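Just so it is clear, A, B, C and D label the chains in written order, and each chain counts residues from 1 on its own.
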Amino acid sequence: MKFGVVVFPGSNCDQDCHHVIENVIRQPVEYIWHKSKKLDGVDCVVIPGGFSYGDYLRCGAIARFSPIMDAVIKFANSGGLVIGICNGFQVLLEAGLLPGAMLRNKDLHFICKFVELEVASTGTPFSSGYKKGQKIRIPVAHNEGNYYIDDKGLAELKKNDQIVFRYTDNPNGAVADIAGIVNKERNVLGMMPHPERSSEAELTSQDGLPIFQAIVERLKKNG
Amino acid sequence: MVEREVYCALGLTDAEYQKIEQIMGREPSSTELAMFSVEWSEHCGYPRSRKYLSLFPQTGKYQALVGEDSGGFILDDLAIVFKMESHNHPSQVEPKQGAATGVGGIIRDIFTAGARPIASLDSLRFGPLSEPYNKYLLKGVVDGIQFYGNCLGVPTVGGEIYFDESYSGNCLVNAMSIGVCKKKDLARARASGTGNPIMYVGSSTGRDGIGGCSVLASAEFGEGEEKRPTVQIGDPFTEKCLIEATLETLATGAVVGIKDMGAAGLTCSSAEMAHAGEVGMEIDLDKVPLREEGMEPYEIMMSESQERMLVCVTKGREKEIEDIFTKWDLHGVVIGYVTDDKKVTVKHQGKVVATIPTEALAKAPLYEMKMEEPVKLKEMKKLDLNSLPEPLLGHDAERVGSSARKGTDRFTVGIYNDVLLKLLSAPTIASKEWVYEQYDHMVQTNTCVLPGSDAAVLRLKGTKKGLAATSDCNSRYCLLDPYRGAQIAVAEAARNISCSGAEPAAVTDCLNFGNPEKPDRYWYFVNCVKGIADACKIFEVPVISGNVSFYNESPKGAINPTPTIGMVGVLNNIEQRCTSEFKNEGDVILLLGETKAELGGSEYLRVIHGKIAGEAPALDLAGEKAVQALVREAISRGLANSAHDCAEGGLAVALAEACISSKDKVIGAEIELKEVSALRPDVHLFSESQSRIIVTCDIKKADKLIALAEKHKVPCDTIGRVGGDKLSIENWVDLPLARLASAWRNGLKEALA
Amino acid sequence: MYEAQVRVTLKRTVADPQGLTVKHALESLGFNDIAGVRMGKFITLQLKAKDQAKAEAEAKDMCAKLLANPIIEDYAVEVIKS
Amino acid sequence: MYEAQVRVTLKRTVADPQGLTVKHALESLGFNDIAGVRMGKFITLQLKAKDQAKAEAEAKDMCAKLLANPIIEDYAVEVIKS
């Protein structure tokens, strides 16, 4: 079993994700440089947070065209597990692996704080460690986490149980309080909050840890 | 001879120009003149401050690293590197970009030392928010800091914000950054080895930040006007790539020395790297990556374009380095080489345009400045407490004052409620959440104590240890008494560190003052420096780096003397960290230290009585040390559940903060003070006596804590219990937590609306 | 050389909190007859294209591929000789 | 009703790291004849002004006061009937 953390120029949560995988859940993990074209042997791709290409045009827009993304798209389409956190979520939206788009936070400020989430769906390889309706505490840190999807798209998400996490006190204006979603096939997760920042006791919350553990469980089952 | 108008516009005096001619033995070229002007400026050469900066102690419990760009200390096999720097004037003109490039500059200082930046702090000062431009400045500065710091992925974990009339027209933006590396990986800011290549890495060079040269240009070249922007635009994305590329480059072992191009750009980095290594350097400006066409040599030498560095590389390994920078889409080009003539030689289009001994550039002249105590100070220090009505808001001062003291009259219950609420919502005291929630303060997952407590605490991954960091300065005390005010700044920083459980390890500073050519301003400067030096000696902490910012004046006069202190402390066991908010219902509240009649320079006096007057609070450094040692020992022995120092607003504000500062759980307290009648109620509540800390502890452990206080010979009073949903202090204050919290949490936001 | 001026605007159906904030700010400055404010991007591209038509086609292609996000944004391109 | 279309651009002499990054991104997508990219803002204002001249004067006033930062930005206003 091996995790791969993609590094774009401007990624800045890559090392944090790497740290949790290596030192907290103790699984093999390596960095994947964005100019690489192959994912060799990786079982779960992590697209970390940060400011890929400075987010200079639109969050995630330029990273989406990095050479590695073709491999990531292929991997996802063949059922591989992909998790995009914060900027990683934005990259997945731009790449079309998840539906919708991100707008600026409604009060136009960057927000960094712990928020409460409700686990809306446990039927994914990422959220199976939670109880449905469970309240968890995980920090957000973003400028553009105001998730947008049109009504038709939202109805789809609901119908297919694709909404995985919702804010209990919406900090950014996201449609339907959405904090995280999966694709229809349920192997690609995008979420704005940072589970890697809440996986160790020193950081006052370990509520993000079950996500990493659930992935490990699933990969073990897959053999 | 060069025309007087030209060198004056560059900020050089007649005497300096003469000296330059004398050194050169001829008329200097325009490039040479420009190089001298920037190197001899206060910003680079410290001609007006160097003499006194040598008073700072450079040793402490931990081995200090002093010199070159940024300093630090050694902790086991790690080097902790940190520094603070000002970006006041650029921020006053263009707050967002000014603050952003300030953050960028200080962070470059850290990673050029070989250390990965792990945290930043920002110390900010503005005029009152009643003026729209001050609101604009604060919003812009915060926007710039978040824009740059968040993108870089360096958490902004702390800082301070003060408001005072004196900063209207000249705000202060002091940025501090902390980095960590293995001791053996520390890099040097020097060039050596004749023939070794000099590489230019990072972003390209434009005409950014070229200010004083306009006259030079018009005198010699007659260029068009639209050629010289002075506002630099921050590019955090490039800087992030530069951090990674630089650390990767240093890891190759092929780097001899490295220096960032900050103020004075290529001039400063080349001259100082060569001087530090006792070598010379020849650089060819035709090789410098330029962003604009037709740049003159002096422009290239003076440009302050951001996100650039100069690297001296072991000969033969330049390709390796170039490849790393190319991988990160950055420039990495050889622009020159080390020579043995101890001169900086600059070529442009095949011609030598400057050749100057590095010694002459790097050793700016040293000036003896006049100093004189300001005459109005004696008048300002006068404060007769009896002339202060107590309390003001809507009551008959006489009657209420005397019965309140007795604490019996039922009509007087809560007569200080409004005063306390007003203080809590004053922008200087109110919660800074609106600011720090715009900063990513958690990235890198080391922040174990988030902003909102006395000091931020960062873990050092791979060890059990942690660092605590804070920045402090109450400039009002410095205005009333520069020597003592500066000592208080050091003491308060140390106290904040100690309240987190950590031990103060080292200090950086940013000395913000008015025009040093005016004797009263200089008098403030010298006395503040002496105060810092003496306090640091007592605390046994070295001053490992710092920065001087003079000429902070507006037409209305100088800013308050503001020697900002940045301090880093060491926590031996990260699990034994402490925060300021009350934790458990039923805990005993103890006040360590003594309250005296010290309203001079207080926030109470200013907000409620509209006065800045009196003596700054007294400071007994030995007593201060004892209180801090006590609180650290109490924390490490598990006796203290919370610790919070009394600062602006005194005991009442500190108690209120401890009740309401946690976002998850507010909790009340009931306070009964000892020897109530000895002092006026407003003195009890709002005096800013130093060396006081509020700690809480489990009732079963209270005896142990009291015994410990005796051992440390620190006054210690049991003043109440944690619990309930209101804060009551004697019968002067009686307020539900919700009202306290809304005043404190919304104060800044409302003032900004 | 041609200059392509690209305007990227939020779709009408997408809320624009920034525009709203700017509107309020303008109103508090005393501008009272504003019915609406929308914020967008203005991107200028200097193109070494052979002719104007080519420059325009190219700029549009850039918009479709990268400069605008079709889920939330519209774009318009104007090309001038520069 | 009038629509004022405001273009806010960085002054020519001010560095534009965003534009530079977008240029590189476009180049890596295979657009090879770009000489430069500059990023700016496009703001549309719906104004209930009496006439076109008034709408234009007002929009310019808004630019000077709020919409553009004169230290680093230039602006241009165009008014159409809407």
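By our rule, contacts are C-beta pairs under 8 Å (C-beta built on N, C-alpha and C of every residue); 3 or more make two chains touch, one makes a residue touch a chain.
All of these numbers come straight from a predicted model, not from anything done at the bench.
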*Where are there more C-beta contacts: A-C or A-B?*
A-B
_Inter-centroid spacing, chain D versus chain C (mean Cα positions, whole Å)_ = 9
*Distance from the CA centroid of chain A to that of chain C, rounded to the nearest Å?*
30
*Please compute the C-alpha centroid of chain A, do the same for chain D, then give the distance between them in whole Å.*
34
*chain B residues counted as touching two or more neighbouring chains*: 235, 237-238, 329
*Tell me, which residues of chain D touch at least two other chains?*
17, 21-22, 25, 29, 39
*asked:* Touching at least two other chains at once: which residues of chain A meet that condition?
replied: 53-54, 56-57, 62, 65
*Line, ring, star, complete or other: which describes how these chains touch one another?*
other
*Set of all touching chain pairs, with the criterion as stated earlier*: A-B, A-C, A-D, B-D, C-D
*chain D residues touching chain B - in the complex, by the definition given at the top*: 10-17, 21, 24, 69, 71-72
*Once bound in the complex, which stretches of chain D touch chain C?*
1, 7-9, 19, 22, 25-26, 29, 31, 33-49, 58, 61-62, 65-67
_So in the complex, the part of chain D that touches chain A is made up of which residues?_
17-18, 21-22, 25, 28-29, 39
*Footprint of chain C on chain A - complex, ascending*: 57-58, 61-62, 65, 94, 100-101, 103-108, 146, 148, 150, 173
_Under the stated contact criterion, what part of chain A meets chain B in this complex?_
9-10, 12-13, 15-16, 19-20, 35, 49-51, 53-56, 109-114, 139, 141, 143, 194, 196-197, 200, 202-204
